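What follows are several structures.
In what follows, chain A forms one complex with chain B and a second complex with chain C.
Then we have the complex of A and B:
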C-alpha cells in the first residue's frame, strides 16, 4: 500500500523536492543570550550558518521564504533584509510569510511546491522569533491622537487634539499570546482541551521528561553538529534540562487552567517557554542537489492545512492538526502504520497528548472527523525521538524549520517515512509528510 | 596583539633614538602582496659549476637581472650562493667572501639563499665537513642580517638538481615575501617525483609565470582548527591561492567557523577531531562535495601549560589527544582512503617548543615533538612516490594566545629572534600554503620553522 501510494504521489508531482540540510541557532530563553538580538540578526545568523555549511556564498538561491510571529512593523520585508545581510547573493529574492506557529512549516511547503512545479531549483525556508525583542505598540488612544496630530494644520487644532489625550493612553500595549477573539491566552485555551481529554499531570510531565531526555541524547551523540551553529556564545538550547526528572517536574505549580472545574495540570515544565531563535532549511530539486554535489536527506511528499472553529464551535484552539491529518493520510493512501517517525510539535504536552487521544477515540473520529472509526495509535517510541519544543524551546516561526531539518536528517540516517504536525494560533494547523529516499 | 614598539621604532625620531641607544630596531617585514615582483633589483648568483650556471639561466627566464659577481655600489634584491661543488672546507672561502660583499648591498627585505648538497650524501668526511660547514655559516649570516633580510638554505638530496621544479619552487618561496618570517632555515629537496606535479606547475617553475598567484587552483584543502587565529589565516591564504577550503573546528566554535568559511568561500564542518569518526566525516564531506582531498592541514591544537611537577592527568592527556593522537588516527584513515589524492599533501603544525622545549610545556612539547616524529616516519613510508607530509613549526606568533603572555616576557620573546619581532599568523599560513603546493612536490618529511630564527623555543 505504501509503495503504491508513493508511486501515485510521484505521478501527481511533476518533480521531487528534497530537503538538502538545515541550520538553526541554539534556542535561547526570552531575556537570555539573545535578549539584544533582533529577528533580523538571528535570521541572518541562521542563514549564514547554512551558507557556510553548504558553501553557498554569493549564490543566487531560487527564493528564500521565512517569517516571524512577533514582528516589528519596520520588518515588513524581514526575510529580504536578512538575505541582504547574509553571505547569499544580493540577487536572491525573498518573501515573508506569517501563519503563526505554522509559519516555518508553511514556508517549507510553499517553496517545495514551487520546486515541484519547476518554478525554482533551490529554496531556503524558515523562520525566526524573538520574544525578548518583541515590538511594543502604543495604545489605541495614543495612536489615534498621533495620527490626528499629523493631519492637523493649525496650532489650535493641535492643542485641541492633544487635550483629548488621557493618562491611560500613555501605557504601551505589550505583545501577548492571547487570542484576539476570545481574550484567552494559548495556555488557557489548551488547558480547556487538556481537561476535556482528561490528560493527567503525570502523562504531561512524562512527555516533557522524555523530550528533555531525547534532546540531550541527540546532543550527546553529535546529532546537531551539522544542524546547528552556535550564536552569541550559546552552544545548546538554553531551555534543555538534561538532568530533569518526572519527580522534579511534579514539583512545579500549575500555571494554566486554574479557573477550571478539574484540577489544573499545566505547568511551566510541561508548557513551552517564551523563546528566541531562528531556523532555516535548504530545499532543492534533485537536479539542483546533484549538480552541486549536495546531499538529499529526504523528499517533501505532501502537506495539508486545517482550521477549526474554536470561537463559536467547541473544538480546542490547537486541535486543527487533528483534523488535517486524516485528510493528508487519505490523499496519500497511508495509515499510522506506514510511518517510522512522528514529529508532533510540543506547544504544550497537553496538545500532543490531546491529539493522540483524539486520534485514538472512535466516537470522536466518527463524529468530528467523519471517519469510519478511530484513526489509530502512535507508537510512542517513534514520537519526537530527538526531543521537541518542550526541551528545545519554541521560537514560534522557527519551530517548523527545526523539525523539518531534524526529521530529514533522521530519515537519511535510518530510512522510512516521517509525519510532522504543527498547531498554530487562530485555530490552525499544518501537517506534512517527509520520506527517506532509499 | 599589535607590536607597538615595532610601529614606533619605524617612525623617524624614535628610530634615531633607538639607534643611538643601541635598542633593537626591528623592520617592517616585506610580505607577499598580489602582483609581487620577486626581485626589483639584480640578484647575485654566486658559486661555480654547471648547477650555478643553470640556475642563473632560469632566473634570467624569470625576468630577473642576474649578476654572477658583485658590482660595486649596485643594490641587490638577493644573493643566491650555489655551493654544491664544495668538496672540502677550504672551498667555502671564495663563495662565502663573495657573499660577504653582497650582504652589504642587500636592500631592506633582501634575501640570502644557499643552495647546497646534504652532508648525509657526502662521499667522505672532508666533503661532509664542507657541506655541514655551510649550515653553520648561513645560520650565522641570518643572525647578522638587518633590515628584515633573511638567510635560508636549500639542501639538494640524492639526484636533485639546482633546476629541479621543487628546487625552483623553494627558491621562489624564499625570494618571495611569502617567507618573510622564515629565517635561518634549511629545507631538503629531493628530485621531484614524476607525476606529482602538474605540467602547468612545472612550466611555472621554469618560467616564473602562470599559476604563481593561484598555485592551489582546483585543489581541495581541509584545515582543522580553522575558526580563529593561525587556522583562520591558513584557510584564508589557501583560499587566496585558489584552494577550496573545508574549514573544520569543534561545534562550540561554530559561529566563528561559519564566518571564516563564508569569508573564504569555503564550507564549514563542525566536528571534534578527537572523535573516532572525525576522518570519516571529513572524507565523506569532501567526497560528496568535491571528489578528491588534496591537502590536509593539521592545525588544531591546545595548550594546557603547567610545570611537570604540578601536571595533572587531564592536562597531559587532553593535549596529547588533541595535538598528536588525533592526527595519527586521522592520517591513517586519510592515507587508506581513495579520496585522498595520490599527490596529496599533509602539513602538520609543530612548534619550536617541540624542538627546543619550553618551561611549563612538557605536555605540549611532547605533542609537538611527536608531530615531528610522525612527519618523518610517515614521509619515509610515502617514500617520495607522490604524497608528502611536512611540518611547520611556528615560533613567537602574534595571536590571541601569545597576547596572554605577561607584557615584559612578551616583549623579550619578540626581540629574541633575528628579526627582532614576533611573526604574524599569515607568515605561518604562507609556509603551509607553499608546502601544500605542487611546487613543493619534492619536499617530504621536513620541518620548517617560522620563527624569525628565534633563539629559544616559544
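Then we have the complex of A and C:
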C-alpha cells in the first residue's frame, strides 16, 4: 500500500519550528579559493559566521545536524568535530546525515521535526562539500593487501601477501559522479530525461541566464549581507557571471547526451559546476526565538521525501521531487496557486524544466503520479527569484541550507508561502514548505 | 612596554626579512665570534625594528592551520601572528651589535596579550625590540618584545624570553643548590604523537628554519641530543586546543622546561583551574610532559574573554 501521510500527521504539528537565520560562505569553483580547505574547515567557517551573527558563543544548541556527500572516512564525526572547533558550547550534540544533494534540506526537516515534537528548542542544520579536497581511495586490490598485511604474523606471510600486489593496484580511485547501479553519470542520466521531455537548448540556456541575473541582482541589492560571511578572500559566489547572456551561453559545446538520438543540449553553462562551500541554518521554537530576542523569518511547515525507480523503471534519475510534491500538497490541502515563491534546485537546467513539464502534463500526472489531471503550472516570475545553483554553484550538501535561508529571508521580507524542491543521487528527492510568519 | 636603554632609534625595514638569511648570517657570526672570542655581553642595541603593511598570505595560513590540526578559518591563530612578526624580532637579534649569539639561544617562555581577533584580510604593522638583558644561572637572558598593530591600534603584543647558555655576565646568580620539587604528572587528557619530520614541516609553514629543529646532525652541531620540536609549534597547538574558536581578547603564556625530542610523544593535561566557578571556561591551564621520564616539557595557560 502506498504511503500517503494524512493531514492529521505532520501538517498539524504540536509546535512551530521557525527559521531564525542562516549563514554560508560564498561558493567557490572546484580548485579555486577553497582548493585547500577541507569539509571541516568550511563547515566551521560557516558556523563561525552564524555564531557571530546570532551571538551563540558558548551556547548549548539543542542539536547540530549536517553532512557532506564527498566525505573522507576520517571525517566520520564531521559535524561533531566542527562543533568542537567552533565557539558553540562543547556540550552541543551533533550528528552527520547524508542523503546526497538532499542532505542539507533533510537536516532542516529532521531538526524542525525535533523542535515541533518538543525534543529540542534550537538546532543548526546544514551541509558542506568540497569537490577540490575530495577523498581519494586506494584501489580494492591494495586495500585488500593492506588489510591482510595488518593481520599477518610471520615475515613469510607478509612476503606472500605482498607478492599478490599488482602494479595496477597502486593507482588511486577518485570519487566519480557515476550512479553505482547504472554506471551513468548524473549528467548522462539527466540528458536522457531532458531529451524525453523535449526540453530545448534555448530554454535551458534561458533558465541559466535568469539564474545568473537573479543572483547578481540579489547581491547588488545587498540581499546576502546577513546570509553570507566572506571566506578565503571570496566575497561572492565565484561561479556567478553577471555579464553572461543567452548568446554567450549558446556558444558552449554540449557535454552530456552526445550519444543520444536527439541533439545534445546540456552544456557546462546550463549544468552546475563542481563547487566547494558550506551553509548552515539556525532553527528554533517560537519560545526559543522570543526568549533570546532572535528574529523569526519563516515557519518550517512540512516536508516529503520520494524515490523513483530509475534503474529498471522508466523514470528519470532526478525526477523524485516530481513524485514527492503532489503528496506534500495533498497532505497540506494546497495547490501551486497557494505559493508565492518556488525554489527548485538547479542541478541542471534540464532538471528544473523537466519537472515543470511533468507537472504540466495531464497524461503523465494521471498515469505516473496517479492524479486526476495535471498538477499545474508554475509562474516563472516566482521561480528561483534570488538565483539558484546554476549561478551560485552547488556544493552538494550545502545547497539545502543555502535555499532554506534565502527563501526564509524572502518570505520575511515579502510574506507568503514558499516551496522547495531538491533532487538527489540515487533517484531521491525532498520537497518542503516554508511559510511567512504573518 | 618600557624601553630601558633610553630613546630607541626606529629602524624601518622594507619588508619582513627572510629567516633563512638571518640564520645564515648568524652561522657566520657564531663562527667568527668563536674565532675572535670577542667581548662579553654588555648592552642591547637601542633600536626598534619596524615593518609596515604586512599582509597574510592565505595559502601559507592554511598550511600553518592544517599542520596544527586546527580549522582553516580566516581568523588568525594567535601564534600565527607571532609567526608573521617573528622575523622582525629575529632581525634585532641578528644585528652585528646584538651582544648575544642568535644561534643556540634557548627559548624559555612566551607571554602574549591579544586585544581582539584579527582576520587574514587585515594589514599588520610590526615593531620589535629587545630589552632586559640580565644574568641567569646558566648564562644570559634577554626579552624580545613584539607588537602588532592594525590602523594604529595595538592588537597583539608578545614577550619572548631567550637564554644564551654559557654566556656569563657580571653578577650572575649561582645555580641554586636547592632541589626542585619532583614533577608530579596530572591526570592526562590528551596525547600528541610528533613525527620525526615535524621540525622540517613546521619550518616550512612558519619560515623558522632554525637548525635546532631540522635534523639530528644540525641540532647536535648546536649542542642538542637531536632535533627538537619548535617551542612555538607546542605553544600554537596548546593555544588552539585550549580555545579553538576565540572571539574576543586572548591571553596566553607558555614556559618551556625540557625540549621535546623528535620523534616523540607529549602527554597533556588541559584543565580549568580549580575554584574558577564564576567563569569556568575563561582560563585553561595546560601541562605537557614526557610520561616515560616523568619530566615536564612545558606548562602554560590560555585565557579567553
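What we mean here is this: the second predicted complex is superposed on the first by the 427 of 438 C-alpha atoms of A that agree within 3 Å, B and C clash if a C-alpha of one lies under 4 Å from a C-alpha of the other, contacts with A are read in each partner's own complex, and residues count from 1 in each chain.
Just so we're on the same page, a residue touches a chain if its C-beta (ideal position, glycine included) is under 8 Å from a C-beta of that chain, and two chains touch if they have at least 3 such contacts.
Note that the structure is a prediction, hence the values are computed from the model and not measured.
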Inset, instruction - Label the relationship between chain B and chain C on chain A in the superposed model as either fit or clash. - result: clash
Inset, instruction - Answer with first, second, both or neither: which of chain B and chain C does A:231 touch in the superposed model? - result: both
Inset, instruction - Classify the contacts of A:57 with the two partner chains as first (chain B alone), second (chain C alone), both, or neither. - result: both
Legend entry - Touched partner set for A:48, first chain B, second chain C, both or neither: both
Inset, instruction - Classify the contacts of A:222 with the two partner chains as first (chain B alone), second (chain C alone), both, or neither. - result: first
Inset, instruction - Would you sort A:239 into first (chain B), second (chain C), both or neither based on which partner it touches? - result: neither
Inset, instruction - Give one of first, second, both or neither to describe whether A:112 is in contact with chain B, with chain C, with both, or with none. - result: neither
Inset, instruction - Examine A:193 and indicate which partner it touches, taking first as chain B and second as chain C; both and neither are also allowed. - result: neither
Inset, instruction - Would you sort A:132 into first (chain B), second (chain C), both or neither based on which partner it touches? - result: neither
Inset, instruction - With the two complexes superposed on chain A, say which partner A:38 touches: chain B (first), chain C (second), both, or neither. - result: second
Inset, instruction - With the two complexes overlaid, spot the stretch of chain C among 26-34, 44-52, 206-214 or 224-232 whose C-alpha atoms clash with chain B. - result: 44-52
Legend entry - Intersection of the chain A residues that touch chain B with those that touch chain C: 45, 48, 51-52, 57-58, 87, 230-232
Legend entry - Partner chain C, residues of chain A touching it in the complex: 36-38, 40-41, 44-45, 48, 51-52, 57-58, 82, 84-87, 230-233
Legend entry - Residues of chain B touching chain A in the complex: 244, 247, 251-255, 257-259, 261-262, 265-272, 275, 288-291
Inset, instruction - Within their complex, state which residues of chain A touch chain B. - result: 45, 48-49, 51-55, 57-58, 87, 222, 224-226, 228-232, 235, 293-295
Legend entry - In the complex, chain C residues that touch chain A: 58-59, 62-63, 65-66, 70-75, 120-121, 244-247, 281
